[in-house]
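What follows is a pair of complexes built around chain A, which joins chain B in one and chain C in the other.
Coming up: the complex of A and B.
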């Protein structure tokens, strides 16, 4: 009886999981199988792949999106690295040192978390214009770096505060300066949270639409979200080529998740259990 | 290293290796782009447009590469002309942010953005071209157009491109466009029994009826016309303005062949027309009859959805412009034969004929794909030269043949498929603008789709818009007068600037500057006079109609 109940429960659980997975993977499947069709095949049967397979769509799709992908990878990766380095140093200062106005500064910083990004768009545009950073990948990288600071500092400060202070004191006794403490104690102990933040920031930068749209004007400097939107603007769409472009554009993110999934999950659950 | 050690190494560092590889690819690609487009010894000209139709980008690219080679041959310097195709829905934002941020492309296709139409913005951001247009196009050397002023090499002498408020030319057109109905000849013949397009409006409705019946009888998902909001707007001028020629004639006080918002309002107050005048009502009924032949749910369909329906033979006809000819022909391939015919106007129609004098003439057609040079451009001289290169007889013809559009340079030949798109001069010219206030504009736009959705009748539509017109018309009229007064003030400022420029102009430019001052003075006189007339006429109309409308 108990075995049958367990089987029923398992079946329900598995069905639910399959149901969720179906909805998660269905768009990816559709995107992939349409990428192998021409328009006539797409209209005849949009659901299943059938020959002839138009692999040349992928060649065309690659030509369409490879510049966008390269720009996105470069900007996102450099921005993530810069964000983490600067946020880690700031968080370390907030976590380990007392200085006048620390609390006020902290709350001021937290206040920024509640400010919708879109509200800053016009002042940011004027600022970027004055700094001669419009239509520049460097400008966009700086923007992404700055944009990720507050959240990362907020998360990292709490994490660093949880590291036993004896470790830092021992390092000080051994002659380690603040930078050495950060790289010898904080970094090794917060690998998972750093990886999680890196992934979150990378996703944020990769998917950011409004900033590249507003700040970048040259097509060869454009990033993937805006580039894909422009592919969608065709009057008579070549669905196969477009879907090939979309599929290629999704590959870097899939790769990143493939290699960092473990770290990501570990980071999300870090600190969940005290003890 | 043993295989096991290698496996362990890969297992451990695969992610890092992939990341390094991807970063290397990204860095190389970005560096390559920088080298191609922004190397110190490369001059770069950027041109943005929203023409994403099939073949346009390739045609631009061919012209650009040819010009780059020519430039290198002439000057020994590397030049890159790059195009930035932007979809229509983001075009205005793209242009506006570019112009405001001083990062706009050198050449911009004028349109969509307020900056492209509002004289204040046009004057601020775009280069006036009159002085270049008066000179011959050097690329016409050795052709029949040699020595002819550049503007006279265009089909209309650039009349359509002249800005009557700023008294200058601000763009160079590449093509011209007309609208027609495309039809699937094979399908049409199979259903109707012959391939000849409908001879008149009744035959057109009859053909639509036959197609509907065929679809019902055979269970085939075919509709007579592929519809969308965009498509409905294509039908509109052909089945609205011809119904209003009589009203236009009666309201047209300054005899320019059109009825502007002032004249329309005064005509309305005098009782010449209202939104439920028989002719107006008939035009709405006529368009409703046509819209019944669109597919179910067409109000939610986009332009490309309708095109796709036609390509996939789920619609026998589609109304669109010559700009879509190439896209449709390319997409259809050998699947079926495409025919093109002009909109059948109900001139002798038993129901509508009494209101329709004749078709709308295409004599007043203007050049399209208007390319303007931004004042921010650091290479305006090269931009001018590039546009001259593009508008020689040979290059304009080649470019337009490649995209299957109508060329704008005199003596150019058309692609055979475009014969049906040749502008038809015969017919009536006219325009009726009733949009006196923002409220009326919004109501008319919003309720139009309710009308087509069958939520309201043509009479109800007329009543709703009429109420809004009655309520906000007088205020809108005064608002328009105020805007005109502001425009006149702007012209005064421009006049001041021109007068100063005339005083310091080098001898070679004196003639041109003097001509401009004279033209501007005449123009100001005209606008001031019209403003006074419009003020006075309103007072007279209100006196006759028994006091100002509330």
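Coming up: the complex of A and C.
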């Protein structure tokens, strides 16, 4: 008897989970399935794919989004690399050195957690204009790099403080300066945490939407989120091509996910708890 | 942890460490702190970013809020009283509390004076217009009095603390309602946006539960491998760019080709909605032929925003709760089973209390996030928040004033108000939620 009630409960749990998963995956299914249709087919039946399949939508879709994807990959990759290098260097200093004004600087950094980005947007726009960084991918990369500092420095400082200090002292006796210590000792030990941070930051940059919207005006410099929004805003829509474009825009993240599944899941959990 | 000492004396030999810090510090100084300082400064300007630039003092805030002589003591009193509950140290607390009480006393005196002048100088016809607001004010004041009586009667304990909170809270709310609805001070678009935020937060309180239930369901599966499988499956939708998710939902809502309307027609739910509209709601939006514009009709925008993302299971939320649930030891469950506690009892008595920290964390993050949100509404409804500005959030209003109207100074003032609200919420978060971790 007891075993039977347990089984029914398990069935109820599984069905609830699958109900939720169905809705989580439904948009993806609709996106993929419409990407194979022309507008007439789509109006007739939006639910299921049926022949003829219009794979050429994907070619048009690629033409619609390829420049956006290239820009996004460029900006996100450079920003992630720059964020990790700068954050690693300053986290090392914060972890290993006591210097005058350290506490003040640390609170200055953490103070940014209290500052909602929403307040900065308008003056940041003017600042970028004055610095001639408006409508420039370089400017956007700098903003993404700065935006990741607090979180990464915070996480990395805690990590480095947990490394036994004897390691660093021994390296110092051998004549290694602080920068060598970072790259010879910290980097080899922190592979998985760096990868986790990189994934989180990459996701953040890839999804960032307001900053490219405000700071980039030329269409050929635009990043993927705003590019997709512009496609959606066109008056006469080719739904199939647009959905193919959407699907293609997801491919880079799908690739990253496939190769780093474990880190990805862990990174999202950790990022959620700390962020 | 023995860190290396760098003092003023050997600063010069250690210049490298400052070079290492420089990129981070210069970056945040230039791109975070300078704009923040500018945002405060520009709140006091009439400024269009290029030619017009004049110092107008408090004019922007006056346009946003109304008479500052009434607002200032009220807000000051509210903040000081709130702070007195948060700080440690008896003396500081007492100083803050008496300061807050003084400010509130002043505020209510000024308000009473203002009200007496307002009532004597207003015709009956004009009074009728603000009757709804007046009733709200009276209702809130009555609640305040009830709390005062209750606080007097009840013994020490949590109930009494709650009642004493009410003694502060309800009169302050009454004063705010009086200023906004009776005196109709300030920028009505701003108040409308706050009203929207309030509705969305209340809706989000209900939308938090599905994530909790889902996490508990996954947690209670006995097989570790299935648990992991589900965790991975839940992460998969995260790899779709957020913008794609947004646009697909926007497409669901499309009046002519959208999936939602088609679904309602296929399942004949459209007839139910039309019946409901005809006899109960009287909105005039669900009529034959059934093509409601979910994002284009003023009366449907807020329901559409609330229904958004059904069944409201957030991946991040589920992962956080799962992490919390994993800390529950098996013994607790076994003990519960011996006591004959059912699955519902286990949820209320074991699981929910033990992930309460995470729930509160999510709650406060949700509130802060809702206050700051505007990208979502921008994509769906445009910079004006859709027809009749129904979907206008404070952030979107700031965006609109800055980038559509070129009122940069005014936009900065809106940002400043938002900043203070979010600051208060963050302080509460740090004080009450984080500490216990």
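As a convention for this text, the second predicted complex is superposed on the first by the 239 of 275 C-alpha atoms of A that agree within 3 Å, B and C clash if a C-alpha of one lies under 4 Å from a C-alpha of the other, contacts with A are read in each partner's own complex, and residues count from 1 in each chain.
Everything below uses one rule, namely that a contact is a pair of C-beta atoms (placed from the backbone, for glycine too) under 8 Å apart; a residue touches a chain by one contact, two chains touch by 3 or more.
Every value quoted in this text rests on a predicted model; they were computed, and no experiment measured them.
Undergrad: Of the partners chain B and chain C, which touch A:217 in the superposed model: first, second, both, neither?
TA: first
Undergrad: Quick one: is A:167 in contact with chain B, with chain C, with both, or with neither? Answer first, second, both or neither.
TA: After superposition on chain A, A:167 lies in contact with neither partner.
Undergrad: Go through the superposed model and pick first if A:176 touches only chain B, second if only chain C, both, or neither.
TA: Neither chain B nor chain C is touched by A:176.
Undergrad: Tell me which partner A:229 touches in the superposition: chain B (first), chain C (second), both or neither.
TA: Both chain B and chain C are touched by A:229.
Undergrad: For A:30, decide between first (touching chain B), second (touching chain C), both and neither.
TA: After superposing on A, A:30 lies in contact with chain C but is clear of chain B.
Undergrad: Quick check on the superposed pair: does A:189 touch chain B, chain C, both, or neither? Answer first, second, both or neither.
TA: neither
Undergrad: Quick check for you: in the superposed arrangement, does A:66 touch first (chain B), second (chain C), both or neither?
TA: first
Undergrad: Using the touch definition from the top, say if A:207 reaches chain B (first), chain C (second), both or neither.
TA: After superposing on A, A:207 lies in contact with chain C but is clear of chain B.
Undergrad: Tell me which partner touches more residues of chain A in the superposed arrangement, chain B or chain C.
TA: C
Undergrad: Have a look at where A:43 lands relative to chain B and chain C in the superposition and call it first, second, both or neither.
TA: Both chain B and chain C are touched by A:43.
Undergrad: Which chain A residues are contacted by chain C in one complex and by chain B in the other?
TA: Common to the two interfaces on chain A: residues 43, 125, 129, 213-214, 229, 232.
Undergrad: Within their complex, state which residues of chain B touch chain A.
TA: By the definition above, chain B touches chain A via 14-15, 18-19, 22-23, 25-30, 33, 36-37, 46, 52-54, 82-90, 93-94, 97-98, 100-105, 303-304, 307-308, 311-312, 324, 327-328, 330-331, 335.
Undergrad: Which of the residues in chain A end up touching chain C in this complex?
TA: Chain A residues touching chain C: 9-10, 13-14, 16-17, 19-21, 23-25, 27-28, 30-31, 42-43, 46-47, 86-87, 89-90, 92-100, 105, 108-109, 112-127, 129, 142-143, 145-146, 149-150, 153, 161, 165, 177-179, 182, 203, 206-207, 209-210, 213-214, 224-225, 228-229, 232, 239, 246, 249-250, 253-254, 256-257, 261, 264-265, 268-269, 272-273.
Undergrad: Which of the residues in chain A come into contact with chain B in the complex?
TA: Per the stated touch rule, the residues are 39-40, 43, 66-67, 69-71, 73-74, 77, 125, 128-129, 134-135, 137, 213-214, 217-221, 229-230, 232-237, 252, 255, 259-260.
Undergrad: Give every residue of chain C touching chain A within the complex, in rising order.
TA: Residues 1-8, 11, 14, 16-18, 20-21, 23-25, 27-28, 30-36, 38-39, 42, 49, 210, 213-214, 217-218, 220-222, 230-245, 247-252, 257, 259, 262, 310-311, 313, 315-317, 319-320, 322-323, 343, 368, 372, 374-375, 378-379, 395, 398-399, 402-403, 408, 411-412, 415-416, 418-419, 422-423, 426-427 of chain C touch chain A in their complex.
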